[in-house]
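This is the structure I want to talk about, given as structure tokens.
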């Protein structure tokens, strides 16, 4: 029952790209992770070599290349851990654990992918898998401003149509991305896969309930262990009690969790 | 009275050399330090970018090049701070403060330099200054084993005669370096400048007292502030009370401090 | 490594996984060899199932961790039916951490566990800052600590460990109180009380304001309290608080601990306990130089 | 930034240099603009000169610092003759930290300082773990804390700050005791008791075994004690414990502190206090976004 090959191990950085002013993509040589990963799962990374930061940081699997044996993450620099990670370059090693957690269930149908900001990270991997299964997903992506939407080219390379929204109107729809979702759901009813800030996910929950389409949401919560042992990453379940984001999620059916 | 130019500042690493299996020489672009430094003074360096390690680490000025504007340190990797420092490469920046403290007083006469292990670090700079003043110093250097004596070539480049001693007999005299000092002091009586472990310095104190030559010793003590404010680096004075290694030293006349 | 005796209990080695940081063991089974641990102390178990505190429940601090989990657990009945048998299958000594909101609570949980197969010992948690009643109150008043220890002592034949709170003026007084009341061993430290504040909003981050601090940050405090308790009572002491490496464990042994527990460090690496055990084995075989320049923590 | 009133005392801004971490100011004069600080709290001053404890006196811990300095100071007479005039020349408010081994000790030092020119306030150190008598004893017993506060109150017209120990079961009780005895303000926290062990030799590193823990590691504990004290008394609270950045200072203000002190952080950078002040100024002018993604601590 031991799965040492996916346990914490040192992997090499093999690619680094500054995607937007404050976000970076790193690619790691990690064949086991590349084969094992499912869209929506996360990698648990040490972000430093000392006791500060103390804990690992979770990052969604952003892309995999099982042939070459690489796995990528896309992250925004928000604090000490991500700042350290952003200073890694090809040749450096990083302590990586996983993939961990439960990812998206791929439903029949083309699928609407809804992203807020860097919440787009897991959706590229998901989009690739949906395409492989013959589906034709589309991405709705919102951000504060245009500069944060640079990774859109990756979706276009996959042949995935993208609609954009920005808070400041600098690109696409001027307003929340959920406005776009409301619009498209009135047309094509397809399963929804969403990742982004809590208020966005709440609205996704409302809209998909009204439209009676299945929706899955990828949640974030502060984590310690990452494997369901510490009960640190609790998120309230609809109807009482808590689910663990690391172990029962990070992806949940929208109706299972309290997005309030 | 503010001396901002010598205060904490980010300087670039411009040279890195692995001198022995566990010691590294780093050269920094720091023209102000290169002009201001006196042999025996130290640089107070941040050794990380997080809150662990928390404090700066002191390192003796090992060499200066006031023309090019560089200053070097030579250090042994013994813990987290020095391990971090050893991972710096040209182009990286380091937070450097100083030079701080009081260095060696250059006495008339050729001078015996006595080093134990990486205690040789300040003596290269001192040797260069003594040469500039027309003196002909000689180095007595002891270490645990031969591999730790690699930097000897630097002294030879300066035209400084070197006698070696090792604990394991792998090079030079088989025994403590102070055996060599006892021998030479019976011949040429010249001022002694010493840096190394406490037991070595104690023996240097005894020998120079017997031979009635002046001796200065460079001391180490755990430091916090580095500027005489915290009283953390106390070392007992002969005859009572404490001196502060960072502020009254690190170099002391051997007879002033308790080397016991 | 040599087995270690804690009163009536013999552990294969002196390194335990600390309560609340290792779940009920199974979560870590894919990631480390549970059977090699000195023992596993379970998450606190209460009579009734408990939901625990609202999120956020964990906040990282410099070299430390604040938690406000609040005894989330499935309750004693589910523990006995589901968790205990699964954990027992790994063949590792199981110390059940017992918690309650009243003296009666502690007693009924302990009584039920007394004849549960596969339980090696009980650890009484009288020192949790993360619940409103019980918990800390028993842990900061020597009289109450003595009362609950004595009451549990009467209903159990198992080795009885009492877990002490560091949030007191004099922990030696607490240790003596539970020793006199019949404890077989003491464990310490539980978490230090602390809080986290959101500098942007000026509001406490945890809903209950207070939370418990653990991890390397607290190690100097934990060492000193272990040192004090080891000098105050003759009972064996299980030391914990920030232990991350074999060197840390050696420091606790030097302070007087008979065994140690590894908590927060498990979150950095799931094999943290095992790495401590292996480091101690190397130290036993080769002496201090085996641990010089060890890999990063 | 706005001046801050602490009882009778007005400080130009609410950021002080903490006692024992800034010497008598002059050591830092070459490295930072002393005149811009809210105030400088001196190293503890005693009646007689004191040599302090034998080395080692400082040991670094994860994100923290243990110290066992032991009130090394030149004594009151030399302080008044040499240190005070030099420090006063910088035009920064000077708070003299007063220490003693007996109630009489505190009283005679305070009495002598009452009419010393250039002293803005007194801070009574009743909470130092690094001396055998006095110090902590006064700081852990509310009755003794009240007695020494009242006795000093009678001999001084200066603003009287009492510095509390965090090493107690309930710090609110201590705060209320000194408030009732006539303190004008309280400051906290002093260091947590801790120790360091040499894993190679198995011996304590400090000769007195115990030492005081400070720095970012203790911040969560300090914040919670400030929060508790600010709710227990109406006196102004000077908060400290691990403050390194303006964000840390904001957390203490949110917990109820009227002013803050920066201690261990001065050892990382001599301009630590000034950086906190400048960060708070930017925050006052531009709001939270001014401190987002701030430079590393």
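Residue numbering begins at 1 within each chain, and the chains themselves are lettered A, B, C and D in the order written.
FYI, a contact is a pair of C-beta atoms (placed from the backbone, for glycine too) under 8 Å apart; a residue touches a chain by one contact, two chains touch by 3 or more.
These figures come from a predicted structure and were not determined experimentally.
Shared contact partners of chain A and chain D, listed by label, are B, C. In terms of C-beta pairs in contact, the better-connected of the chain pairs B-C and A-C is A-C. For this pair, chain C with chain D, the centres built from the Cα atoms lie 34 Å apart. In terms of their C-alpha centroids, the spacing between chain B and chain C amounts to 46 Å.
Look at where the CA atoms of chain A average out and do the same for chain B: the two points lie 52 Å apart. The distance from the centre of chain A to the centre of chain C, each centre being the mean of the chain's C-alpha atoms, comes to 35 Å.
Shared interface positions of chain D, i.e. residues touching 2 or more other chains, are given as 62-64, 215-216, 296. In chain A, the residues that reach two or more other chains under the touch definition are 49-53, 80. If touching chains are joined by edges, the resulting network of the protein chains shown connects every chain directly with every other.
Chain B meets chain A in the complex at residues 48-53, 80, 84.
The touching residues of chain D, counted against chain A in their complex, run 62-63, 216, 293, 296.
Within the complex, the chain C residues that touch chain D are 61-64, 66, 140, 167-169, 192-200, 202-204, 209-211, 213, 215-221, 223-224, 227, 242, 247-248, 250-255, 288, 291. Looking at the complex, you find that chain A touches chain D at residues 51-52, 77-78, 80, 83.
Taken in their complex, chain C has these residues touching chain A: 20-23, 27-33, 43, 51-60, 62-65, 67, 69, 72, 215-216, 244, 264, 266-271, 296-297.
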